[in-house]
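Working notes, structure below.
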Amino acid sequence: MIEIESVTKRRGRRTVLSSVSFRARPGRVTGFVGPNGAGKSSTLRILLGLDRATSGRALVGGRRYCDLPQPLRTVGALLDGGGAHPSRTARAHLAWIAASQGISRRRIDEVLDLVGLRGDARRRAGTYSLGMGQRLGLAAALLGDPEVLVLDEPVNGLDPAGVLWIRDLVRGRAAQGGTVLMSSHLMGELAEVADDIVVIADGRITAAGSIDDVVAPYGDLEAAFFALTGGAR
Amino acid sequence: MIHLVRAEAVKLVTLPSVWLTLVVTVGAAPVIARAQRSWLPGESTITVLRLVPPYVLVGGAVLGVLVACGEYVSRQIVATLLAVPRRARFLVAKLVVVALAAVASSGGALALGRMSLSLSTWSLAEMRMVAIASLVHASVAVLSCASAVAIRHLVASTATVCGLILVAPVVLSPWPKVARWLVDAVGRDLYADTASLLLPSRQVAVALVAWVVGAVAIGAARLLCCDA
Amino acid sequence: MSYFLAELSKLVGQPAVRAGSVVTVVAPAVIAALNGTSLAHAIEMGDQGAFLSLSTVDSGFSELAIGVVGVLIIAVVSVSSEYARTPAALGRTRQLSSTLVAMPVRTALAGAKIAVLVAWVLAISLVAIPAALVATRLSLGSHATAPNLWHAAGVAAFYLTMALLAQAVTTVLRSGILPLVIFLANSSVVSVGMLLLQVTSWAKYLPDIAATSLMFTEAEFTTGAAAVSRNSAPLGAATAVCVLLGWSALSVAVTVAVWARRDA
């Protein structure tokens, strides 16, 4: 379970997040939506220990991310495309991540096969297309076979086959009892996979609940999104 | 912690620019040693060898900057902190690996430099000089890495570190009482012959440690307290 | 002209360029003032101390030589900034893409980059050189020697040549770190040029070594660089000018050729 409890984040005079609270439950896919600059990435970065909240707390399985031993075995995250150094090969990028968690090198080949990058593993990450870079980030997220997935716009740059693959991945994880929290701008895609929806606008949560409950007054997810974020800049 | 050091070692050895730096550092030393020998044909081997470490020092500084700034290229720091959210441990692991790489490259460079000057048996003074110079270079590499962690920008880090190690000694040369406390001067006093030390070695060693600790403190503060 | 203005706008907007400009303008003047005060005191006491000599003929010019650090940063950043990538969330793009889409005529683009760099370096030289010489004169007081204006021009020529050379190397390597390290090292005691000067007299034709003939008197060259050189006779002024022009021309040619031919 992912728990975000009254998280507030200020940067100078600007309030980026204002008392954000929601939960992502195990066995369900939670979609996290909002306009650009609403605070989605900021929330996820606080959850994953990259940024500090001004107040409030963000927990995974009742613990802070930084308190998890070998965190990639619990949480697999995709942010900013994965952050591989452009001069390093994909295999080398996954090798150091695996080494940091005590994960066997065999697992590297498994995740490369999973994301379809085995043939390009010895190419430098700097030569990758946007979609390939995204796949590499997903490979890193899956390296520890985690039960929790936190994905920030995972279908960004992927071709239709890749989008379908992501859909199957997240639904499969949830079906196995895992927790999936994913942000996306593709309402149609999210409507296919999400069980729960959290809507954020201007740093505040405007709706949170099952997708049926949130969407019911508006007809479809896109209409709900515009209605619930319509007051945002 | 062993896992973290291993991960940092994998990162270091899989970066082509680091290999280039190490190869140039090690390969340049014998060339520099021969060039110095051609200018000082009558001097002892250790006197000539003592002129090589300042050049090798630059390699150590560049190594530290490259290793640190590599985290901020393409935002690799995100992947790093996701894998190792305990930032202090990550920093320690990185500095340990940088120090070890610097010791190895410096020791190798100076050994090759010594062999290019003479194939005779090493004297105790020469072994002492190479060992201490390698530790000094490791200190400079750690200082550079920590500074670059604080600055997070490749050009700014390079300019700052090179400014401290290369330009400041020139600028402050008219004021030797100040210049002798700079990193390069302190390091040089440590591996120089004891008879010609300007300052007692304990004071000099403390000064070098102070430089390193100061840089690490600033780098750690930036890493631990600021957003990624 | 539009290319020139665009490149000028880009250059001025870089924080590193502004920082480098401040270093070039301010640092030599400050150091010259401090050095001048110390030198004046040493002359009055008759104690040479740490100074190589008590001559004030080249006071101000050795400090201006240090100002090349800022010029190198400006030249390197003017090119390396094109290759810095944004994060994946912002499309993993480089400024280079926008530059080439907006200014597709590559030779004109290269020409504009070179022209902007030359203009900027000249402009800051016009401020830095008088500032350092005035600071020297004020701090030395009655001990000051009238500055040699040809040496002042030599400093500007040195700045321009090193800037063009650093720009060319960065253009070839697409990275700022190696040229920055090499050229900063060359400004220090671990100068590759000085090292080579100990081995062969051909090193006198390296740009930083040749430029010393235009910036200092022979006495300064002799006590400074040639103290470690087997050939104490520096290049003549005319030869030095030709050497710097040659290096500048080579740098410009390399920069234009690389920009014109290489894939983005």
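When the chains are written out, they are named A, B and C in that same order, and each has its own residue count from 1.
We adopt the following convention: a residue touches a chain if its C-beta (ideal position, glycine included) is under 8 Å from a C-beta of that chain, and two chains touch if they have at least 3 such contacts.
Computed from a prediction, not measured in an experiment: that's the story for all the values here.
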Farthest chain (mean CA position) relative to chain A: C
Most centrally placed chain, judged by C-alpha centres: B
Centroid distance [mean C-alpha coordinates] between chain B and chain A, Å: 39
Mean-CA-position distance for chain C and chain B (Å): 26
Averaged-CA centre spacing for the pair chain C and chain A, given as whole angstrom: 48
Sites on chain C at which at least two other chains make contact: 85, 87-88, 92
For chain B, residues contacting two or more additional chains: 17, 73-75
Two or more partner chains touched - positions in chain A: 79-80, 82-83, 86
Chain C to chain B touching residues, read off their complex: 16, 19, 27, 31, 34-35, 38-39, 50-51, 66, 69, 73, 76-77, 80, 85, 87-88, 92, 175-177, 180-181, 184-185, 187-190, 195-196, 198-199, 228, 230
Touch list for chain A against partner chain B, complex: 45, 48-52, 65-66, 68, 71-72, 75, 77, 79-80, 82-89, 92-93, 95-97, 99-102, 125-126, 140
Touch list for chain B against partner chain A, complex: 3-4, 6-11, 14-17, 70, 73-86, 227-228
Residues of chain B that touch chain C when the two form their complex: 17, 32, 35-36, 38-39, 54-55, 57-58, 62, 65-66, 73-75, 154-156, 158-159, 162-163, 166-167, 169-171, 173-176
